[in-house]
């Protein structure tokens, strides 16, 4: 195995990791603040992808349209998230963990069903937009431009979130609500507003991710699943509710996943699962454990 | 009188915070031993260490001749230690009667007094009778079919006591048995404990805040403050101890005498 | 009340046993699948509804049993079918004990869910990788066995014959689970679910009981898998997929997780919904998802809970008895009802 393969694997892993983070970001945000583990996140990711697909079709005409479609997808899904919050998530705040998982899983089924009814079960694929459909030569390495795009996108989202949470007033608001919602309410913080905006932002991230990652895979109703599983694991390994942790964990899992396809291509995902199990046995609270975002 | 429980130089810290700094006490058979101290003294932690909820870092605990320092909670219960919780914990979905039945069955299974056939879906008549007698003792017979979650606070506390008693403990550990009760409930509970204690020849260890309850029930007291033992002895000995007065009892208790 | 229950129960049994007489092959096949899934769901709910542990990877036990049985039948090693079923149970139990010993001491709740999920996925990948087990295509053309009982031999090749065997087997396993759930062991499990700490202080070794429940659950799921293999006559890695793990969950919650019969009701309802919406792709998921959502938000004790509540209100109006003497929700209700 030449060092170039290793380098490629790492870069590929980075790209996968960023893709996972794009999905995990919203998930971890919602868990950190609402203490809800939202299975439906993957479904909304999928809806975002389908919405973006509806706008740009299989061959996006330019990079900007591509990004725009992703943003639109984010907004649409955020709106859906708002509705979902009113109807479902609000009632889940005090429910047993298992019931919460089941309820959000029910939302997954509903979304999946709706998507199938509207768009059918056919697979579709989207090509990367111009500017991103080539590869960049860096020394002996050919890096698909799209992978670089994903890496950049992942970093941008992470930085935006990190700054928003740790440096802005709204971030401080969310942090205090995450720490102690009741107390925050007593201090005059508009807790329902914080909670609802968290949901909306989280879903927006899911939709955005769906749009941004569109060119990465074939579009089908089971789209949400593989990413969701990885994102879930990243959230738990990162320390439930911790955005920085989720970021690190996503990258870690991405690299492991990538390495796994290189070393044991016949057993997809095996290394990741084994790693998750071993990690959780040793450090169940996660990389940067604790409930704070 | 034989020593039933022996706590020898026990230490416990939570992380870097030392909570118990060398506590030693002995409890004789059939006596009632109380542990008091201001908030943060470490009473609850000591209680937890004695019952096995947490394990101490240093020191030994001997119960009924067995070294139980490293033993888990359920092992200690099987050896005869029963306990109640500060906030009454009963099984909310079970009825009052079922709460007691389950406790009796748990005792039968774990002590193998009479191993229960696993397929016996309806609790045997002897189990029911025992439950019934206990419920009558606790004055809960009329409510036996009520689900425990609908009980009032006082009733829950008595039911909890019932669950502990159903285990036929040799030593009963009571964690603030009158916490949160109204004065009349407090008196009723004290009388109940006196009656049950005599009827079952039990040794009792309790933590408490209410001095009247202590004076009504305890033979000997341990006074703690900030993880250390301030005084230990009979009620009169402790009352007379000036350090105790200063730390805990307060001069108001003695009126003008100060 | 007891008479109504008994009559209903017997009626259901009658319907179950007579399916081959009035249904076509397609429905018969589905009915057989329902029986298998019922056992699977009851087995899962022992762990969830009674002990309070949510396993998200239960399909692994099912797959272990299915593959074991399917492989043995295809290889024609001549082992008696009943023995194969028992072996599948043992295999499931062993797998449960091994994983349970590691997991149950440290994790519950979400961590347990993810753990069991990951382990099941690992199993699925391993199975999909193994050539001996047919890789992604699995084991096909599994022959239906004949039942050798020494004094008689029954050929189970026909749909009807195997279906009746399924009825018997499912009834036996369900009866066993019923006894486990309603005896003192089951009551202790329910205490553990409500308050593990309090239960510890009644002298119960909670981790040991949880492990025991996990083992029984794993064993019966394995047996369900073994019953499945000759019925469907094909076993694929999809049997271990996490989607399959969600079926007993959904069924139990739909029917009512805190009642013993809830999973049965739920599985049947689930199948009915699936069947009636099969023509429009996506509709079944929509309906099931919507129903589940309603259940979790409005009626967490499921269909059975709703029915019990309804009965309680009706009979409370008829006879002016106090609260709690009639139909309570949950298995505990049975304890005192008999005495009243």
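As written, the chains take the letters A, B and C, and residue 1 is the first residue of each chain.
Convention: a contact is a pair of C-beta atoms (placed from the backbone, for glycine too) under 8 Å apart; a residue touches a chain by one contact, two chains touch by 3 or more.
Here the structure is a predicted model, which means the values were calculated and not measured.
Undergrad: Determine, using the mean of C-alpha atoms as each chain's centre, which chain is farthest from chain B.
TA: A
Undergrad: Specify the chain with the shortest distance from its C-alpha centroid to the centroid of every protein C-alpha atom present.
TA: Central chain is C.
Undergrad: Calculate how many whole Å lie between the centre of chain B and the centre of chain C, each centre taken as the average of the chain's C-alpha atoms.
TA: The computed centroid separation for chain B versus chain C comes out at 42 Å.
Undergrad: If you average the CA atoms of chain A and of chain B, how far apart do the two points sit, in angstrom?
TA: Here chain A and chain B have centroids separated by 50 Å.
Undergrad: Would you mind pulling out the distance in Å between where the CA atoms of chain A average out and where those of chain C do?
TA: Centre separation, chain A to chain C: 33 Å.
Undergrad: What residues of chain B sit close enough to touch chain C in their complex?
TA: Within the complex, chain B touches chain C at residues 51, 53, 72-74, 77-78, 82-83, 85, 89-95, 97-98, 101-103, 105-111, 116-123, 128, 144-147, 150, 163-164, 166-167.
Undergrad: Name, in rising order, each residue of chain C that touches chain A in their complex.
TA: Counting only chain C, the residues touching chain A are 48, 54, 102, 106-107, 109-111, 113-115, 117-119, 121-122, 125-126, 129, 246, 249-250, 253, 280-290, 292-293, 296-297, 300.
Undergrad: Name, in rising order, each residue of chain A that touches chain C in their complex.
TA: 37, 88, 91-92, 95, 97-99, 101-103, 105-117, 120-121, 221, 229, 232-233, 236, 240, 266-270, 273-274, 276-277, 280-281, 284
Undergrad: Under the definition above, what is the set of chain C residues touching chain B in their complex?
TA: 179-180, 182-185, 187-188, 190-191, 194-195, 197-206, 258, 322-325, 328, 330, 332, 334-336, 338-340
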